[in-house]
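Below: the structure, in structure tokens.
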Amino acid sequence: MAVKDAGQAASSQSRGARGRASRSAAAVADRPPEQAELVQLLTPEGERVKHPDYPLDITAAEVKGLYRDLVIVRRIDFEAIALQRQGELGIWASLLGQEAAQVGSGRALGPRDMAFPTYREHGVAWCRGLDPMKLLELFRGVSHGGWDPTEHNFHLYTIVIGSQTLHATGYAMGIQRDGAVGEDGEAVIVYFGDGATSQGDVNEAFIYASVNNAPVVFFCQNNQWAISEPLERQSRVPLYQRASGFGFPGVRVDGNDVFACLAVTRKAMQAAREGQGPTLIEAYTYRMGAHTTTDDPTRYRLSAELEAWKLKDPIERVKQYLIRTEQVEMSFFDEVDAEAAEVGGQVRAACQTMPDPLPESMFDDVYTSRTAQNAAERAEFDAYLDSFVGEEAAR
Amino acid sequence: MAVKDAGQAASSQSRGARGRASRSAAAVADRPPEQAELVQLLTPEGERVKHPDYPLDITAAEVKGLYRDLVIVRRIDFEAIALQRQGELGIWASLLGQEAAQVGSGRALGPRDMAFPTYREHGVAWCRGLDPMKLLELFRGVSHGGWDPTEHNFHLYTIVIGSQTLHATGYAMGIQRDGAVGEDGEAVIVYFGDGATSQGDVNEAFIYASVNNAPVVFFCQNNQWAISEPLERQSRVPLYQRASGFGFPGVRVDGNDVFACLAVTRKAMQAAREGQGPTLIEAYTYRMGAHTTTDDPTRYRLSAELEAWKLKDPIERVKQYLIRTEQVEMSFFDEVDAEAAEVGGQVRAACQTMPDPLPESMFDDVYTSRTAQNAAERAEFDAYLDSFVGEEAAR
Amino acid sequence: MTTLTLSKALNEGLRKALENDPKVLIMGEDVGKLGGVFRVTDGLQKDFGEARVVDTPLAESGIVGTAIGLALRGYRPICEIQFDGFVFPAFDQIVCQLAKMRYRSLGKLSLPVVIRIPFGGGIGAVEHHSESPEALFAHTPGLRVVSCGDPADAFAMIQQSVNSDDPVIFFEPKRRYWDKAEVDVAEGLAAALPLDRARVLVPGSDVTVLTYGPMVRTCAEAAVAAAQDGRSLEVIDLRSLAPLDTATIVESVRKTGRCVVVHEAVVTGGLGAEIAARITQECFYQLEAPVLRVGAYTTPYPPSRLEEHYLPDLDRVLDAVDRTFGY
Amino acid sequence: MTTLTLSKALNEGLRKALENDPKVLIMGEDVGKLGGVFRVTDGLQKDFGEARVVDTPLAESGIVGTAIGLALRGYRPICEIQFDGFVFPAFDQIVCQLAKMRYRSLGKLSLPVVIRIPFGGGIGAVEHHSESPEALFAHTPGLRVVSCGDPADAFAMIQQSVNSDDPVIFFEPKRRYWDKAEVDVAEGLAAALPLDRARVLVPGSDVTVLTYGPMVRTCAEAAVAAAQDGRSLEVIDLRSLAPLDTATIVESVRKTGRCVVVHEAVVTGGLGAEIAARITQECFYQLEAPVLRVGAYTTPYPPSRLEEHYLPDLDRVLDAVDRTFGY
């Protein structure tokens, strides 16, 4: 069929050679080759490697702490998936595979820094000190979030893709106006996915951040997939390069390497705090699970890909490193597992006994104070509910 | 006042050193220096210069043609401003200073190429063969455009900043599906301003164009101002560099040099037609007049800036080149002036006698066929109008 | 006749549209291999190729904006917006460009673009996945806004929408995707009710109940329940929300003298307001009671554990019917 | 008392807000040196600095999105959208984020953001510069939507909006920017009518005329004209479009028994629909005639040479008043 063929031609063009080399006046020719440097400090085999720009002095206690975080957040995630299967949660967005990106970046934050998550940053939430139950409330349908973002400097989850990047940028502009940039400054980190980079809002955030030189770090977890769409549907060049077009630095880090994520985020946050403006970090990682518990990835991706990434597991390499460097007793791993199991058990128990919100609560918090209309509707609702009480009693 | 100071600190940071050099892993360090190459083929003094990537063989007749275009579009613009002052037009957006960018790019198009303008592309409209009256209809308030875009492959003016970049990209995706890419292919050019580069839509267009490798040329007339806002409010790096972040070439051209605009656009269009995908062209120019006839630029910019740009006038340099190279008799300039005056006179006369649309016409073309509601509202309107006829007769 | 879910009926309708006209395209997030999160486009990319069933970047303004460009080039794109709550990034392209291009061009340009939006709640979803924004589009001249209430209409109306040279915002009642009914897939569109016409679903004499989308089934059930109480409801599925089929509505209300409008959207400023205002104007002397509106309360959509209280249901419809007899 | 144009009254109100609270910011396109295309922010950047009166990039979603972030950090941003037709790129941030953040956070977060929008037609402008999109916001719970009709209200209401901890969409009647009236600039807000209250502008007894924004003056003039014909109009300036001050409205209509709602927006699905539906429900037994709506026809905004026919004017208001006596 003619049109179909034309279409195929169109799509093969987009994969074919683009003849860029012959266009020397074009800016693109000056870009670095696409095999971009991936900052890595710990290999999948657990070997420590050095990087000139990211020296990382890390104590055994710190490494153990990171390992503990990684194991616990994976366990919480695991429990949540099980709870969803049992009908206790409406849905769950798993972080499986992204633990290092989240724990590494989350542990790079100071208490006064502010974090803006998407809907998948359970590991960051953990690092910030948020009670995991708050996350479960959301996925259970008991609240839309409802925690106090100022308590742990961890904003509410944002579901509309990309929106929070502008909120984070505005917040960072507020830090500037508060005079809180400079020595002992504050900064913001905002999380988003590879798919999110296509949204207008995210690109506008890059613009507002760069023209204002705002203290915000854009942390993109490139987990290779936006639901069923591979990265090629969003970009034909590595995502960290996007930043250069807006005039600020971009860096790609091994997102399964908790050391590298920690070091790269620390440096970018410190630069932001000191007034050096935004950085885009692309954490190159992989979504090991389904997009959410309602998704079926077997429809769109090959298991071979998954298998390849399993070899790069973010937790295993820290374990190997600890073993290799003899920084721990073997019992340490069992202790962490036991602790994780306990946290998991608490999560499970608390979720199963979580009460539903009161029906009338749906009328609360629409405005600062209750409006006449809101009060009238609520009264109408109460009366309506009451009308059943008699009926039920009569039965 | 503390907050004010903090704010000032914030804004001075954005101008100060950003310590980029010390962040070597960052992509930005690999970018070319900011004194970007500006493609120029004709100096302000009218001297022809060569550029290795843009050889331009141009006959005397062609140069004369370009000169004629430049003078005539400036004259139409001049008439329109006068007509607005006389109350014949509601508003006018002047192209003064941008003639070369528009004529150079406009003359680079083939008849089958499609152009998507903003609201200021009167010079491109001229090159495409659109009757200037159509533009005046819009600015007079007689229509919202209303010409047939397929007649001259020149789309309607678009007023919402940036929207048309997506339309152009979609159109280019249609060209791909029609199999009209390749030898003897078609391509699209879309115009937008420096301010427009901040809109989400424009950045989304870059994404759609690049992942599809669509045959579209993004032609940004950087006239240094978005109404009262200088370029620094939109970007801290040259705009042509934006493209590299999306993985396609960007090039900066002297927007007051009609030869360079012609050559650079020709090459980009040809690349697009052949399947090499999008290019961003930044035509570096200057808005010599007010943003529109209702604007007062003395409120926000210094006349010195204007004076400096006057020396780079896009028409004068072609005239000097023609004189210098002795390609024309001096009478040629008088002939062109006379022709321009005649076109101007026609425009003036036609505008002054342009009838208002019929009141009932406002009900037309909402849907393909008239809906019952539309018919009812129209009938109601007719009856209402009729009710005055009696009254007026009675007076 | 085949028994199809509403989702599958849409799928079959889309398949016909793709078969009938090579210019028809489907575009959206995850519409390809995945077949959309509700599987409405299941299998279509496999059969029609990646150039006709297009997984787009994650950017809704881009989806609609490029669809407009494709339409200008002669294509007939069908855009999928993944959930109701994610149409807003595309709002500007829809209301300023899609809706106005014909008018702007004095009729020289047509934009035969369909925007499919799964809408409404009741599926236990998280925030932004249960919205009912149809009134925002119905207030925008130049758009056709429709919603299907059952598989047969889903099958026919999606094809009619694709055939329309006007842009169509096509609202799909997501909680009814799994409802089944008989659909005549072989049948052409000749016998189908025109896209802009309401349908008297249940004839009746005491009260007119006007509804659309997910509430069609609810109201049909209400009619059955009311009949047991000896009350005869005339249930009308509006189908076209803009323009409204005022003739059918008015005819019914003139007959019954009572009217209840039911939708999931927030009552305040919802489509029910327009319908009530218009009916009151046209049937002032026939109305025995004011037109009552049943819909969501004037709050954001609550967490899903509360949605059964928030959304109208059979009881609230019957309650309103009762109240119309209180005047 | 000083004689001020509505534009200058807003300017003075904004100045007070900036003076009273260092957290108040103004942000938008061209609000700095230029003072906005309508000069509403004239001189404010000069006096309060670039950190408090901010020329933003040309991106409305960015304006509102970063304003939300600034509000989360404790600031009180006032965003200017340059024209009504350019608010749509920010629509997503407004309806999904700004309107819902308090609800989402169970009251823990406030977003005291004001979005100023010059709206309406009648100034001979090109496309997208004469829109009346207020109904789209009034259908969105969580937003306050207000409009001022004269300089005194402009001065007070803009300050009240800045003081509100709820987000406020503030519609400014652009064709009345140059209307002059006495304003007491020295006076504080204590004596001002609360932001959510309607005002009986012209007391009367025969017909209630409800309106807001640019049509306030038109309706006041209609009252004068009607008085000459011996008809007494009660003109109410709604001021708050969401939530509506139903008490004031209902009290008036119960008294007059007749009502006309006037706005520039398209009648179909406009705010008048909600008002008419609600009045009919509350005043069913008192209404002598259906609530009539006067507004724009159901078409896109036409070229400006036609706008006098498209927009409601004094004659069309009087015509509707006449018609309410035809029942």
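The chains carry the letters A, B, C and D, assigned in the order they are written, with residues numbered from 1 in each.
Quick note on the criterion: a contact is a pair of C-beta atoms (placed from the backbone, for glycine too) under 8 Å apart; a residue touches a chain by one contact, two chains touch by 3 or more.
Keep in mind that what you see is a predicted model, and the values were worked out from it rather than measured.
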Requested in this report: Counting C-beta pairs in contact, pick out the pair of chains that comes out on top.
Outcome: A-B
Query raised in the report: Among the chains, which has its CA centre at the largest distance from subunit D's?
Result: A
Query raised in the report: Measuring from the mean C-alpha position of subunit C to the mean C-alpha position of subunit D, what distance in angstrom results?
Result: 31
Query - For subunit A paired with subunit B, centre-to-centre distance based on mean C-alpha positions, whole Å - result: 40
**Report entry** Interchain centroid distance [CA atoms averaged], subunit A/subunit C, Å
**Finding:** 35
Query raised in the report: Which subunit B residues reach two or more other chains?
Result: 2-3, 6-7, 10-11, 143-144, 160, 173, 176-178, 198-201, 204, 207, 211, 233-234, 366, 373-374
Query raised in the report: So which bits of subunit C are touching at least two other chains?
Result: 51, 56-57, 59, 61-62, 85, 88-89, 92, 96, 100, 103-104, 127-128, 141-142, 243, 268, 298-300
Query - subunit C-touching residues of subunit B, taken from the complex the two chains share - result: 143-150, 155-156, 158, 160, 163, 165-178, 200-201, 204-205, 207-208, 211, 364-368, 371-374
Query raised in the report: Can you name the residues of subunit A that touch subunit B in the complex?
Result: 2-3, 5-7, 9-11, 13-14, 16, 18-20, 23-32, 36-37, 39, 51-54, 173, 176-182, 197-201, 203-204, 207, 210-213, 232-237, 240-251, 267, 271, 274-277, 279
**Report entry** Interfacial residue positions of subunit D with respect to subunit B in the complex
**Finding:** 22-23, 29-30, 32-35, 37, 48-52, 55-59, 61-62, 85-86, 88-89, 124-129, 268, 297-300, 302-307, 309-310, 315-316, 319
Report task. Would you mind writing out the residues of subunit C in touch with subunit B in their complex? Result -> 25, 51, 56-57, 59, 61-62, 64-75, 89, 92-93, 96-97, 100-110, 141-142, 144, 164-166, 196, 243-244, 246-247
Query raised in the report: Any idea which subunit B residues touch subunit D in the complex?
Result: 1-4, 6-8, 10-11, 90-91, 119, 138-144, 159-161, 195-196, 198-201, 226-229, 233-234, 294-295, 299-300, 356-357, 359, 361-363, 366, 373-374, 377, 381, 384, 387-388
